[in-house]
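Labels run A, B, C and D following the written order; every chain starts at residue 1.
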Amino acid sequence: MTRVLITGFAPFGGERVNPSWQAASLVAAEPPAGLAVTAAELPCVFGESLDALRDAIRADNPDLVLCLGQAGGRPGVTVERVGINVDDARIPDNAGGQPIDEPVVPDGPAAYFSTLPVKACVAAMREAGVPAAVSNTAGTFVCNHVAYGLGHLIATEFPHLRGGFAHVPWAPEQVPDGTAPALPPATVAHGLRALLAAAARTPAEQDLKVTEGATH
Amino acid sequence: MTRVLITGFAPFGGERVNPSWQAASLVAAEPPAGLAVTAAELPCVFGESLDALRDAIRADNPDLVLCLGQAGGRPGVTVERVGINVDDARIPDNAGGQPIDEPVVPDGPAAYFSTLPVKACVAAMREAGVPAAVSNTAGTFVCNHVAYGLGHLIATEFPHLRGGFAHVPWAPEQVPDGTAPALPPATVAHGLRALLAAAARTPAEQDLKVTEGATH
Amino acid sequence: MTRVLITGFAPFGGERVNPSWQAASLVAAEPPAGLAVTAAELPCVFGESLDALRDAIRADNPDLVLCLGQAGGRPGVTVERVGINVDDARIPDNAGGQPIDEPVVPDGPAAYFSTLPVKACVAAMREAGVPAAVSNTAGTFVCNHVAYGLGHLIATEFPHLRGGFAHVPWAPEQVPDGTAPALPPATVAHGLRALLAAAARTPAEQDLKVTEGATH
Amino acid sequence: MTRVLITGFAPFGGERVNPSWQAASLVAAEPPAGLAVTAAELPCVFGESLDALRDAIRADNPDLVLCLGQAGGRPGVTVERVGINVDDARIPDNAGGQPIDEPVVPDGPAAYFSTLPVKACVAAMREAGVPAAVSNTAGTFVCNHVAYGLGHLIATEFPHLRGGFAHVPWAPEQVPDGTAPALPPATVAHGLRALLAAAARTPAEQDLKVTEGATH
């Protein structure tokens, strides 16, 4: 039985809900066959989020970690290819922190690539009928902070672990006026189950050799 | 019991499905309380679509008609405010017809406003958690042809009838790469049930007096 | 020499400039060959805008009228096909007026089509290297109010006149952060000169028979 | 006199022009005060593009390098914060090469941050009235290949050099139907002159401390 830790964030930026935590909870409540899934809600706070992630990894001792965040405006679930070593907060985090061009990890490498098979994860979600794509930027807020930080935790403290980050769209209740894309958390969770099953059976080095690149 | 006729279109433009017919079928299969709902699939063909609509109205003798169409790229369900008297087909219809700047009804009025309470319909869908908005253009393809044609049928042949047009987003299966918005037909159907209930209890003249305007 | 009246609006919605008036002024300052162009700035106010338009038409006695408005978010110059008989103001106008679902002209027809050769106008702008398209909605704010109102003035007071409405994108200075499209007023003016030349030589009935339709 | 090398790409993806080369040529033809600017057109080919860049740097011995690429769909000029060590080609390059998930530099670091003062560059362009923003992804095609490769050249062969990458929008002639943003190359060049002047006078370590972050 593959042990999976899935995380989502607390609401931020004035929102009442965070679809990443909604979806993570649904997946943990109804995990895909063969996977034991534990969900942890991370504070949307620079620093504290990574402390909470480290604690959850220690507590759960998972084989696989999937961290989720909200990407309002993106139509599908986007699996992040890379986290970069910079915090540049357009808005304050939930503790009022607003670092500008600070490293996530001083003297850390410029970036960490995901150790999930990002292409296989995307293909599995599409197969399950859920819109998905590879993303080449997790931004520079707490999501990227965790995407990079997870890479650093794996590289420096949990070498047996594999993991990565994915963004989920707004939930319909967050865009009542229909001016931006949204997907119901239940639809997202359905896709995430397929993602996790693919990640569990596919080492990153054996990811699908299909292009999911972007010209810019 | 209010009798409702709901229509959707056959797939067009190379698509395998049409989410308007998917949603219409779901609503007819599970109508909202107090409404008897019949669904009819209209051909995506200039002319024939309106003949089929007239036949369905005659056969069903509804109190209320809601015609649906696919609006790929729109994030929410959009209730059309108006249909205009022009056919200008960017792509051929399903019979190869491609009229350019032809009137839907020669010598007909320039446009017909919907006789649905468009604001109440939008508010009801939002209340039900489904992204929705008023739209001021149904385009100039078969959707607008039916939006205008329904207005003309009501004005000239079925004066007791009320009705209008709404566009639904792509279904997730139509945008697997997540590059455009999509909503599951089940989510759309949930919103349409709320729309129909609002339309049934609200004459157009008593529509909500809230702005849903657009600066352009 | 064809006499042309070109109008733009005063800034609205908190903007310091209105690119429609910027472009209109440039065209009047450097009109296309064979056209005498007068520019008039209309107040962005329901009612007053049409009074000012009527006064300008009486004063200038043009053969052709082109009314311009700002459409922030649209990438190109969009020639409006139709104006509809409804005022539905998402924001107050510059006199604080905010009509909701009020007719532009009580008991007036549901809509007026432009009497410009919209397809020839678009083709001419593209030929001049300026992005352009036909639009099927001028919105429901003061722009549509003038698009419809101009049609009504032509139909009821100035039968010899031809005219229509076009929207222009934001100017670059209005979107410094590059999150929405913009075109320099000089580029827009270059396109408008081509538009006016095409409109002057092409009666609406002899418009190009090319599709510029929209599926929605 | 600060020596600047500015590069743009040959057209690709079926385009007749590449606005990056158009803008680079305009800047070289009319450089900002105090800067001597040489322009070089790079082949849109993995590998060859970096060979050509190395040759141009050796030939010109610049103090500053600005590499430009086309980002169709982006409204403004976007200064890239980072290049990542992966080639993932959605379309073949101009020599038919289409690497999938190959490193730009085997065993190279995961990413290189730009050594331009990206915030000062963006602020300078906005000051000059040209829409601009910081971007956190140069994609995974030849643009990112050069963005990363330039970082590697600076880190390993030209330590005195500073440089980075910026994307420019489509030129108007590339989107005649107005369905996507565009800026005239002359407008872009005007912005790039301001960018280069800011880059020349501002070491990266003394970049503006303003947020230009993205939540995702």
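The rule is short, and it goes like this: contacts are C-beta pairs under 8 Å (C-beta built on N, C-alpha and C of every residue); 3 or more make two chains touch, one makes a residue touch a chain.
Being a predicted model, the structure only gives us computed values, none of them experimental.
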**Q.** Partner chains shared by subunit B and subunit C (touch criterion as defined above)
**A.** none
Q: Please state whether A-B or A-D has more C-beta contact pairs across its interface.
A: A-D
Q.
Regarding the subunit C and subunit D pair, does the interface count as same (over half of residue numbers shared) or different (under half shared)?
A. same
Q: Would you mind checking which chain's C-alpha centre is most distant from the centre of subunit C?
A: A
**Q.** Gap in Å, rounded to a whole number, between the CA centres of subunit D and subunit B
**A.** 46
Q. Roughly how many whole angstrom separate the Cα centroids of subunit A and subunit B?
A. 37
Q. How many angstrom lie between the CA centroids of subunit A and subunit D, rounded to a whole number?
A. 29
Q. Tell me, which residues of subunit A touch at least two other chains?
A. 74
Q: All pairs of touching chains, please: list them by chain label.
A: A-B, A-D, B-C, C-D
(Q) Residue numbers of subunit B touching subunit A in their complex, please. (A) 74-78, 126, 129-133, 172-173, 175-184, 187
Q | Residues of subunit C that touch subunit B when the two form their complex | A | 13, 69-72, 74, 81-82, 84, 86-91, 98, 100-101, 109-113, 119, 134, 136-141, 143-144, 167, 207, 209-216
